[in-house]
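Multiple structures follow.
Both complexes below contain chain A, partnered by chain B and then by chain C.
The block that comes next holds the complex of A and B.
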């Protein structure tokens, strides 16, 4: 029991570290790699909680997470957006990294103090997963807001999902059907956005969001 | 008590003797990872021997600072060695003379004088390296402070021996997020402070790109040897703090017997060996950051360190 709680805590610490990496990485490949690690850590934490609570459904949830987020979504992105993913250029963001880091720190502290009243009497898993999951969610929202590349934004969107699930698996007896639906939905979202992004990249020659802000006539087809 | 003093001196002797070997093995492993053969692991010793037997040239512009600085830089890590658990678990003679903050200040003092000497020598590259080193250090020092705050918050002390005992005594504390985040931040600032790869390239010979190395260009002969040896000792001491106090606080001698100390010697060497593999993996898989990207790297370390402190009260 205690060693498992301890292991879950370790996983949670790594989870928040990877979330920070996801935010500060400057190349799309390393963002994708961080996202895969984040999903794997989410699945690991789910698995530990499954053993802790003796819940078979959580095992399914972990399996679906690995399948959807660590295998299918990266594969879909690589298939549809191969050259864009491998581009060795830097992702532009609206706010520079040191300021972002400080803001992210503020978000983490904020989420801790937000959930502090809820933690009394909670399970040991919840007292770790809830604040860090919420922090990851807020950081991912922030990432989504400041990244100026479509692909990085998609991954930010999926990271929001990861943060929400990281908090969610600890406090609810989540249903495997809901999670399966969410996993499939995530894959569909990524597929649609990836295809859209590829089309845009082919037409405009870039996936930078700020070049797409205003409609211009006579954009070369 | 005499035994305690003796053991303390033994620790200093260990750091002095092992520091060049640590550097040598690290270089060799890195070269091997890059499919090169690399110099012998004993090369740092040959270098020191050679430098100690060479004549010294001192600029006519230089003042006494230039002559004193190498000695201070050399002595600083040895003083720190007396404050930290290198081989033994129990506090030795000097253990309560200073805490981790004091250790940081002592190392900082050595670096400060080396910086002064680099300007003093009148070499063009000296002040350039100096301003860069100051930039990195002024970013690293707050992180050091926050790490120490987090440590004292978690372990109720910043005396290295007490902190080490705290992590050994409680598994729950050992695997807490605070501890892991402290570890991550400390590893990052060690890389920055000792001029390793994401921040500085220790193998580079291009003066315009140097950060740490540029301060030592003007030294020759015995001074150069002392600076080199002091730098190696500093790296070893910081690694020992990371390993023995924070990351793997086991395997130290618990009784003041010769057998236990010999055992600790072997175990600490093994831990250092494993750490070399980790360092080599980090250094060969990353590229040196651009100068103005260093603040991002250190910003991440800062955030991780502050988070470690924030998280602590929630996981008791």
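The block that comes next holds the complex of A and C.
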């Protein structure tokens, strides 16, 4: 048991590291790669917890995670947004990397503070996955706020999802139907938002969504 | 029985996608929405009688609160389908493919809205809430203009982000259930187990859920997407988004409310009062700066969502007022948007300053806009007037006079803001030729006026009874 718990801790550490990477990468391709790694680590942690708790349902969850997030979602993105994904330009960010890294460190510590009082009597899995999952979620929300590129924002959305589920798999076991629905949902979200991104790219000529600022109060259109 | 409610619009969507006959799409959408409405009426009758209606225990069922939501959704669904009949061909400008795409999306969106109150597990209801966003994104971007795409993008990113944050809150509540050794992961199991859940877990879940779903409800400061999306979408979709979708998401918070209030030493009601008041105040002040009459009504939605949340902090009478206000707002807001859409057809502009003399050039559009505008602003004798009175009474009953005073001030600002804008559009010299408003728009407005006017004079006993049962379910 103990080696498995230790292994899960290592996976969790890698998970948060990859989340850091996902938010500071300057190229779309490397953001996508970081997202796939993040999803694979989520699945790995789920598998370890499945063995720890002897839960078949969690094995199923891990399989769905790999299928939906590491295979289907990247494929959907590549199919709908091929040229945008391969574009070798820097993703603009509202905040520079060192400041972001500092803030992310702060967010990680903050989530430990939030969660620490809740962990008494919890499983060893929960005490690792819950704070780090929450940290990844907060970091991904922050990423979403500072990224100015549509594709990077879509991957930010899915990274929030990964954070929530990283915590979720350690604290609940919902039924297979719920997991299937959630997995399918993720794929649908990416498909729809990717098509929207493509439409914006065609119509507006760029996926710099921060340039879309026509709707506001005070000035008549 | 319950299955058939979302199934009807889903089938209409499939039918529209397969049978590419012009005209079939409109008929299918209308037939499906009417069928769903009739089914909901049956369900409401059963719920009034037995207190619930369950199709599949632990998975699909309806309680009084869900019945109220279904009633509102299905009624606005019918009027939106009627409105779409002439409005969408007008908007699609002869493109049958575009028309078909609209009706497929419209039906799927309606089906996803129906799913939310029908599902008995919070995790599944969350999936349904996400589905409402995913299926309505292309409705918001339907115009395919730069601004419509901007609105759709903000809508997608902010509300999906919110829902994903909220899902961790739901996981935490389910964790609490596991810790309390309760097996079924349903709303009722959560409510029953609430006093035994670890307080810290519920508090963190409360924060995540109120922030997450609050973003999709349009609570300040997560409201920024709402005026954009709710003004750029085609009018019947605006009616569904503004009248129905936001309240459907608020339903999830209402359903969890007895869980949050069961935590000892944590006053969820005070938070609701604070967040609600901030939303009402911000929306009332922003309303004064609006130049677009569809945005005017969108800001009014932010204001009303604030009122609904605030009601949760006003004791048992507040819960009753919340449900009354929820139904009144949904019915009235759809009417207001129908009026605005008719004005858009008549004038071709959304800018308030460019519209004058609507009363002369398009009297029917003017009537719809006027009735919808004063009804949503809270003038008697319409539904929102009575429901707001119920809110005031609740505030008096708990002795929250400061809240009452602020609320009255904000509502007065919003009232004057809406009336001044609409007044300037109705009177004066028309700057454009007289226009005949297409018949389906007029019919939809006429049908929408009925409940808005009736509920402004009296509340039928059956509804009163339903509100009472639902309020008892939210309180504990």
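Throughout what follows, the second predicted complex is superposed on the first by the 214 of 221 C-alpha atoms of A that agree within 3 Å, B and C clash if a C-alpha of one lies under 4 Å from a C-alpha of the other, contacts with A are read in each partner's own complex, and residues count from 1 in each chain.
To be clear about the criterion, a contact is a pair of C-beta atoms (placed from the backbone, for glycine too) under 8 Å apart; a residue touches a chain by one contact, two chains touch by 3 or more.
As the structure is a prediction and not an experimental result, all values here were calculated from the model.
Asker: Looking only at chain A, is it chain B or chain C that touches more of its residues?
Answerer: C
Asker: Name the contact category of A:41: first (chain B only), second (chain C only), both, or neither.
Answerer: Neither chain B nor chain C is touched by A:41.
Asker: Touching A:13, do we find chain B (first), chain C (second), both, or neither?
Answerer: Only chain B; A:13 stays clear of chain C.
Asker: With the two complexes superposed on chain A, say which partner A:24 touches: chain B (first), chain C (second), both, or neither.
Answerer: first
Asker: Who does A:97 touch here: chain B (first), chain C (second), both, or neither?
Answerer: Touch status of A:97: first partner only.
Asker: State whether A:187 touches chain B only (first), chain C only (second), both chains, or neither.
Answerer: neither
Asker: Check whether A:131 is in contact with chain B, with chain C, with both or with neither, and answer first, second, both or neither.
Answerer: first
Asker: In the superposed arrangement, what residues of chain A touch both chain B and chain C?
Answerer: The overlap between the chain B and chain C interfaces on chain A is empty, containing no residue.
Asker: Show which residues of chain A lie in contact with chain B when the two form their complex.
Answerer: Chain A reaches chain B through residues 2-3, 6-7, 9-10, 12-14, 16-17, 20, 24, 97-98, 101-102, 104-105, 108-109, 112, 116, 119, 127-128, 131-132.
Asker: Mind listing the chain C positions that touch chain A in their complex?
Answerer: Spelled out, the residues of chain C in touch with chain A are 121, 123-124, 127, 130-131, 134, 137-138, 141, 144, 146-147, 149-153, 156-157, 160-161, 164-165, 167-168, 171-172, 174-175, 178-179, 185, 198, 200-201, 204, 227-228, 231-232, 286, 289-292, 295, 350-351, 353.
Asker: For chain A, which residues are in contact with chain C within the complex?
Answerer: Contact set of chain A toward chain C: 114-115, 117-118, 121, 126, 133-134, 137, 141, 144, 150, 153, 157, 160-161, 163-164, 167-168, 171-175, 177-178, 181-182, 185, 188-189, 192-193, 195-196, 199-200, 203-204, 209, 212-215, 217-221.
Asker: Under the stated contact criterion, what part of chain B meets chain A in this complex?
Answerer: That would be residues 171-172, 175-177, 180-181, 184, 295-296, 299-300, 302-304, 306-307, 310-311, 314-315 of chain B.
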